[in-house]
Amino acid sequence: MITFVALPILLPFIFIISLLVFRSDRLAGWLGVFGSGLLILLSGYLFILVQKHGVIALQMGGWEAPFGITLVVDFLSAIMLVVAALIVFSIAIYALRFLPKTIRLNRFFIFFFGLTMGLNGAFVTGDVFNLFVWFEVMLMSSFVLITLGRTKEQLEGGIKYMSLNLIGSLLFLAGVGLLYGKTGTLNMAHLAEILKNDNQAILMNTSAVLFFVAFGIKAAVFPLYFWLPASYHTPNITISSLFAGLLTKVGVYTFIRFFTLFFVHDQQFWHQLLLITAGFTMVAGGMAAAAHYETRRILSYHIISQIGYMIMGLGIFTPLAIAGAIFFTIHNMIAKTNTFLVAGMIAKARGTFELKEVGGLFKQSPFLAILFMVPAFALAGVPPISGFFAKFILIKAGLENGNYVITAVAILTGMLTLYSMIKIWNEAFLKAQPANEYASTPFKKLKFAEYFPSVLLGATSILMGLFAAYLFDFTMNAANQLIDPSLYIETVLKG
Amino acid sequence: MVYILLVFLSASLLIFILPGWLKKQKAILLSFVQFAAFIYFLSHVSEITSYHSKSIFIEWIPQLGLNLEFMLDGLSMVFALLVTGIGALVFLYAKDYMKSYAGTDKFFFYLMLFSGAMLGLVLSGNLIQLFIFWELTSFISFFLISFFHEKESARKAAFQSLYITGFGGLSMLAGIVLLGSVVDSYSFSDWLSNANAIKESNLYLPGLLLILAGIFTKSAQFPFHFWLPGAMQAPAPVSSYLHSATMVKAGIFLLARLSPVLGGTPEWTYIISLTGVLTMLTGSYFAITQTDLKGILAFTTINALGVLVLLLGINTTESIKAAMLFLFIHAFYKATLFMVAGLIEKKTGTRELRQLGGLIKYMPLTFVIAFLALLSMAGLPPLLGFLGKELIYEAKVQSPGIASMILILGVTSNIFMVAVSLYFARKVFLGKPGNFPKQPNERGAAFLIGPGVLALLSLVLGLSPGKLGSAVIKPALSAVLGEVAEVKLKIWHGFNQVFFLSMLTIILGFLLYVAMLKKDKLLIYWKKINDVVFAVQLDEVFAWVMDKFVAVSKLKTKTVQHGYHRLYILTIIVFTSLLLWFQVFVTRSWNFDIPFTLRPFYISGLALVIILASAVSAVSRSRIVTIISMGVAGYGISLIFLYYSAVDLAITQILVETLTLVMFMAILQKLPRFAVLSSKKTRLRDFLIALGFGSVMTILALKAVNVNLNRSISDFYLENSYLKAFGENVVNVILVDFRALDTLGEVTVLTIAAVGVYLLLSKPKSRKL
Amino acid sequence: MEIILAIVVGLLYTVGVYLLLRRSILKFIIGLIFMSNATNLLVFLSAGLVPGSPAFVQAGSGSSAPLADPLPQALVLTAIVIGLGIVVFTLALKYKFFETTGTDDLDQLKKTDN
Amino acid sequence: MNDSISTTVLLIAFSLLLAALILAFTRLLKGPSINDRIAAMDVISIVVMGFILVYSVLINNAMYFDIPIVISLISFIGTVAVSTYLKHKNG
Amino acid sequence: MDKIIISIFILAGSFFILVAAIGLLRFKDLYARLHAGTKAPSFGILLLLIGVSIYFNTPVVYIKSLFIIVFIYLTAPLGAHAIAKSFDNKGKNKKQ
Amino acid sequence: MNSVILQLAAKYLRWLLISFAVLALLRGHNNPGGGFIGGLMAGLAIVYKGFAFNAFQVKEKLLKRPERYMGLGLFLILLSFIPSVFAGKPLMTGIWITVPVPFFSGIKLGTPFLFDIGVFFTVIGVTLLFVFSLTQKK
Amino acid sequence: MKILKKTYYLLAFCLFYLFKLVQSNIYIAWDILTPGKQSNPAFVEVPVILNSDTGLLMFSNLLSMTPGTLSLDISRDKKTMLVHVLYYSDEEQIQNGLKEMQQKIKRITG
């Protein structure tokens, strides 16, 4: 049973091997869907296990912590795994129809599973250096994915994406080195135990800065996000969608993990810094989204803006706020991916992502309109879809904790989100199709594999809203586990 | 109650799956649903007394204080009756009105959903739940207003209304959460029982202001009123519903609802009364100069909303009683008039006052109906409107403190209303026939059912208001006041101050009307004056602000996301350096005890070589020199590894360094030479920034060497490598056993990189399926 | 010696950052390699230095002499190998980019930002 | 350290090698052709091997013997590889 | 005695390596530098290896040394050959 | 480089290099070396021939090989995890057996060794693919 | 018998080689350390009489490791070798010297 903890990593690994050996594209498509489907089952199982046991830990190689590498699944990891699997599954199906013929499925799915492997590794590992390794696995896969089409734009975007992220990686590694130099350990739970009562823990601040910047780059927070708007709109929409929901959120995940588990000294400084960063991130992203007229760019800036909310939850640092951050994160992963998927469908229907060039889609395909509306409403925080609860929890947490400024910023940013969503809606759906080269493109009825991923994610968003109570309970448990990590530490070190 | 909401929801969804023959009658069906709901509420009127209310509690997310609480008390009843009653008539009216348009399924879907949301709102006993319905009404009204979405003006108006009410809604949410934190509940009953605690809390004022922001935007109070005239882009049934019983009335409802909790303080009275007065004046003043039928009506709605807010602000028994009555009055005449306006537009093809006239000949019944409604609007006896105005004057007379001012402004505003009503009747129905684009007629009786019923109600209830007062207004009044109060409505109050004021209003209003009629120029001048004095229209301001905001955003985005890659890196490095230096400064008191030594000299020499090679690499103009120096530095580092006992590491570094060099050389010949691309100044700046970063990293390294909080876990590896993992090379054992998972990730990275490099550089191949 | 090596680390970072800030993509990549070397050395250094006693344990001897800490060695080794993959991919990307656009100047890469 | 070979001898050897390293490095920087630089690299790799051999005597650990093998192998392949690319281009 | 022999070998080896470096720097053209850079360092490393092997005096070390020597003597001329062959000295004339 | 001499040498050098590499792999658990070092050396040994013959024209046949190496390597790594599952131990726990060898006390073989062999093959494939890709003729 | 003979030749060759090596290195060291000596470099084409690949390789390597000569290239037909000579005096003499070396090798490789 406990072996299952390693499977989120090993399953994608097995599929990578299969894809290296069997080179048929048709088979690759099946393997992709099948593999990611298996991941859903697996993470669902882990989710159930965690609810039963609280925290489960697997000491890899039988070497007890902190000497070996421990894989840990707690509430936070479990929910991230489930949501990631859901997204990955949707994208696997989506890829079958939306990847251009020039990208071979056999190759795509190697990197797809590479990304998944790194992602899952990052979610389950309890070891700082191992986390670095999974970051790199993920990063390397994403480098390849972003340039897979090899157009000029993609190469340019790829260079920017890559270079800024690599700087992040190096800072991360430096942080790991310094941390090890000071504490002599790499195990997160062990770190937590060492730093818990140490009055010298403030000396960790410099390492923490390096992690802060590294995760900040990964999560695309304010003065570090440049790579994202420069690159996310360049690859095929399948790949953009894959990135949109997953990559930055891993940064958020690690932020939450590190700054609740062992960087808990000097809270004054860190929480202020997180809040300031969060505020600027929200506004900068939101404003930029308002300025653009290309769906992928708008949505990309939204990613940034919404990362601000997640960081805000961490910065407020009450159980409710952290629950809010987690809730927001998972809501956003699903809704954000979904908006990208729909953007792809819009572009497929019309042949362009430029909002000024398209229109009339409401009339032509009310179904597509609904597909868009669900995630757009979710992102805009329209009750009773998931996004409303996410924002509500954060606002409640912020106001109850007296963080008025950031809450005000969050509320105002909500207006910016609304603005952009209405913009897309007005331009692509409501407005009549302008008479241009794209007008003659006949609207093809959506095929099952094209709309199913969006339906799946949309339904999830709605269900997350309707059953927000369960989800909130879960995120609250996760937050309590994070605020008081004694079970985590005990399970890892003594389990 | 809950079932009614569910029925509304399912009815709205049912539209799409109705069989064809039933689909034609969907408006009737929905109207029937509305009517059934109306009957349901009506049947409970006797049950809901001043002392008794119905409530339902459904647990939803109790951890967040978010439960489904439905509450039917006197106040809810008033609104529920209006929503469902007028709803039934509006659907009936819409059946014929929407006949000629496409997409009626969607229209009725929205409208039914909207009605349900409004009903949910007024039945909410939990303020967050109320907020949810509140937002739903905002969003659904967006769809209703933008129903003719290929018109840009419709999209703009829809956006404007959603944006303003949405913004207000969010502030309101903040206010609710803020005040909710005082009593740790969002349940209205908890607020009510802790009203004093809330009022005494220092969160009271900010909370109040935030909630008022929601109320004022939704109820189109000055200066947020401008979205409402824009909303007439919606089809007439929507306008009629929106202005009379729903949407804008949501703010009034909430104000009344919260009055027993938050009311009674000077802040409440002054802020709200003042806003109400200003809105009232704004509405009536601008109504006069409108030439669009719907425009006139929209501004009269603003006037009415101002009156309602003012009355609730005054917050006396009299004022609230007046408000509750005025709700009905306004709903009746406004719904009627909008339906009539829609009818006129439909039949004549225009809404422009200048093109209308003499319609009485073609549409006599319509005239009667409209005239009754207009009389009610003007506050003339014997209609319900008169009753209302009397009560209002009475309330104003008795209002504490600012009575005289409010009175003067109130009378002025009503003078305008009288004039407008008469002018409307005269210009549309009497006089010479206008030049209509279409020949008007009065066919289609269903059109007239709605307005007819409502106009009749205005008259009948005006003549015998007693039952309305005791059965409906009284429980509502009690709910708002939080205590039982008596209500006796009668048309004749005797000769008193109020009666004289009424007479004065009517006389002056009539004179104004005559002036307007006789001197066409007057209106034109008036309009001109307005154009000068109010040169800046608020909706234009809104559009301007949005445009400017987008422009600023564009500029900001261009400035931040400038595209200069090296400046991105510069930003990141400077940001990191600043944080690091700051932390180094904060923790500067750490004690440092590492001795400085140059021995062994060959390592110092090696260090020197590394430094030199690096420096050469940095400044050399030759690509080859740069790359080879880089290699030398790499080899030097591998020797340092070697000296400090890292054999495997050194070997790996050498191998990797060489492979890297080979790769560099492989592509080098195909790449251009270095050019001098940056100025000396730039280079100096970059160097200083680099040095700033480098030096802080030096400090960090030393600090990490110096600080040892805990014994390293490595002892375990040294002890167990041979005993338990059967290997002498501990580093290798770590790689393949203790921490084999790292290596697994590492080879995965390599594999992916290799396949990636191949794909990047090979010829593209199409998919084979 | 730690001080000297710490200075080496700092200077490697300096050179790395300086090169990162250049306009040539090639220089940028070289800067990345310097940063990477600096980081590896930093990791290696901050765990403490033990000259001349590699972590090789003989049969049954356990650990008698103070041996060098093997863990940072393994970490750096892993990091180096990962770095190799990344650098080669970066080079390939750079090469492909040059082939497609004919420029090495990062300041020309502004099309995807706005 | 050990007592069989005088440290002085080893230090002298180190000094000679260090001098060689610096000289070869100078050639590396001066060029002028890439081929010259590669030739210098070759010599440097030998110097490094020398360093390692002397050092292994200094710390009395035969384990370090594996490294010269790798270096010789690698430097040769590096030389051949780089030369391959230089067939037509210098500078 | 051993000590002296070992010391001589080590010093001589280092010396020849130094000589190679000097030659590399002093000679005027690439071919001449290759002459210096091929022969002397290989010889120097040979001497060093002999000295060090005697010092450790274990079979494994001797075998390894032999390996290295064979390898270096196999590859050093090949390397020089590769460098020289790839050198483009703008119309190299057969005889000067 | 299209040099007859280098081509002549390739025959000998290749096997010498590969045997070095295998040695580095086999001795890695107790001596410096291991899968990565061995793999890279072996990879370079195979690549050397390409340099000597200047033979990097992309041939489908030639290019399938690196991926097979990688597939094999990763598969061996995966295989090395399986015994621990069947032994009921935590995943990746090293399982060791002693192979009796005449005149010796026996050679200890374990799954970590298999893991290292997997790394070895993967790295060979990676090296080949790197060099092949970057040296392709356009 | 043949093998014995070949082994003998191989050993003899090794000694010869070793001698040449020491000689060459002392020579070159002297040359390097005494400034001012004028070299006279030249390219010489040497006819190849060896017909086995191994022999050719040995010859080429040996040539490069002995003083003053460096093998640059072998023609495609393996009939001539381009040699760089540091101290050029007389082409005949050089070619003869190299012929002797080739014969020694031929005895081993056959």
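Labels for the chains are A, B, C, D, E, F and G, by order of writing; each one numbers its residues from 1.
Here is the rule we use: a residue touches a chain if its C-beta (ideal position, glycine included) is under 8 Å from a C-beta of that chain, and two chains touch if they have at least 3 such contacts.
These figures come from a predicted structure and were not determined experimentally.
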Quiz prompt | Chains in simultaneous contact with chain B and chain C | solution = A, D, F
Quiz item: Which contact partners do chain C and chain G have in common?
Solution: F
Quiz item: Of all the other chains, whose mean CA position lies farthest from chain B?
Solution: G
Quiz item: Pick the pair with more C-beta contacts: C-D or A-C?
Solution: A-C
Quiz item: How many Å are there between the centre of chain B and the centre of chain E, using C-alpha atoms for each centre?
Solution: 80
Self-check item: Centre-to-centre distance between chain B and chain A (centres being mean Cα positions), rounded to whole Å
Solution: 26
Self-check item: Averaged-CA centre spacing for the pair chain D and chain A, given as whole angstrom
Solution: 49
Quiz item: Where the centres are mean C-alpha positions, what is the separation of chain A from chain F, in Å?
Solution: 37
Quiz item: For chain B, what residues touch not just one other chain but two or more?
Solution: 557, 561, 563, 565, 569, 573, 643, 647-648, 651-652, 655-656, 659, 662-663, 666-667, 697, 700-701, 704-705, 708, 712-714, 717, 728-729, 735, 737, 739-744, 746, 748-757, 760-761
Exercise. Could you list the positions in chain G whose residues touch two or more of the other chains?
Key: 60, 71, 73
Self-check item: Contacts with two or more other chains, residues of chain A listed in rising order
Solution: 13, 16, 20, 60-61, 129, 133, 136, 140, 143-144, 147, 150, 159-160, 163, 167, 174, 177-178, 180-182, 184, 186, 229-230
Quiz item: Considering every pair of chains, which are in touch?
Solution: A-B, A-C, A-F, B-C, B-D, B-F, C-D, C-F, D-E, D-F, E-F, E-G, F-G
Quiz prompt | Complex contacts: residues of chain F adjacent to chain E | solution = 1, 3, 5-6, 9, 12-13, 16, 20
Quiz item: Which of the residues in chain D end up touching chain C in this complex?
Solution: 58-59, 61, 63
Practice problem: Write out the stretch or stretches of chain C touching chain F in their complex. | Solution: 56, 77, 81, 85, 88, 91-92, 95, 99
Quiz item: Which residues of chain F touch chain C in the complex?
Solution: 30-31, 36, 126, 130, 133-134, 138
Exercise. Could you please specify the touching residues of chain F with respect to chain A in the complex?
Key: 67-68, 70-71, 74-75, 78, 81, 84-85, 89-94
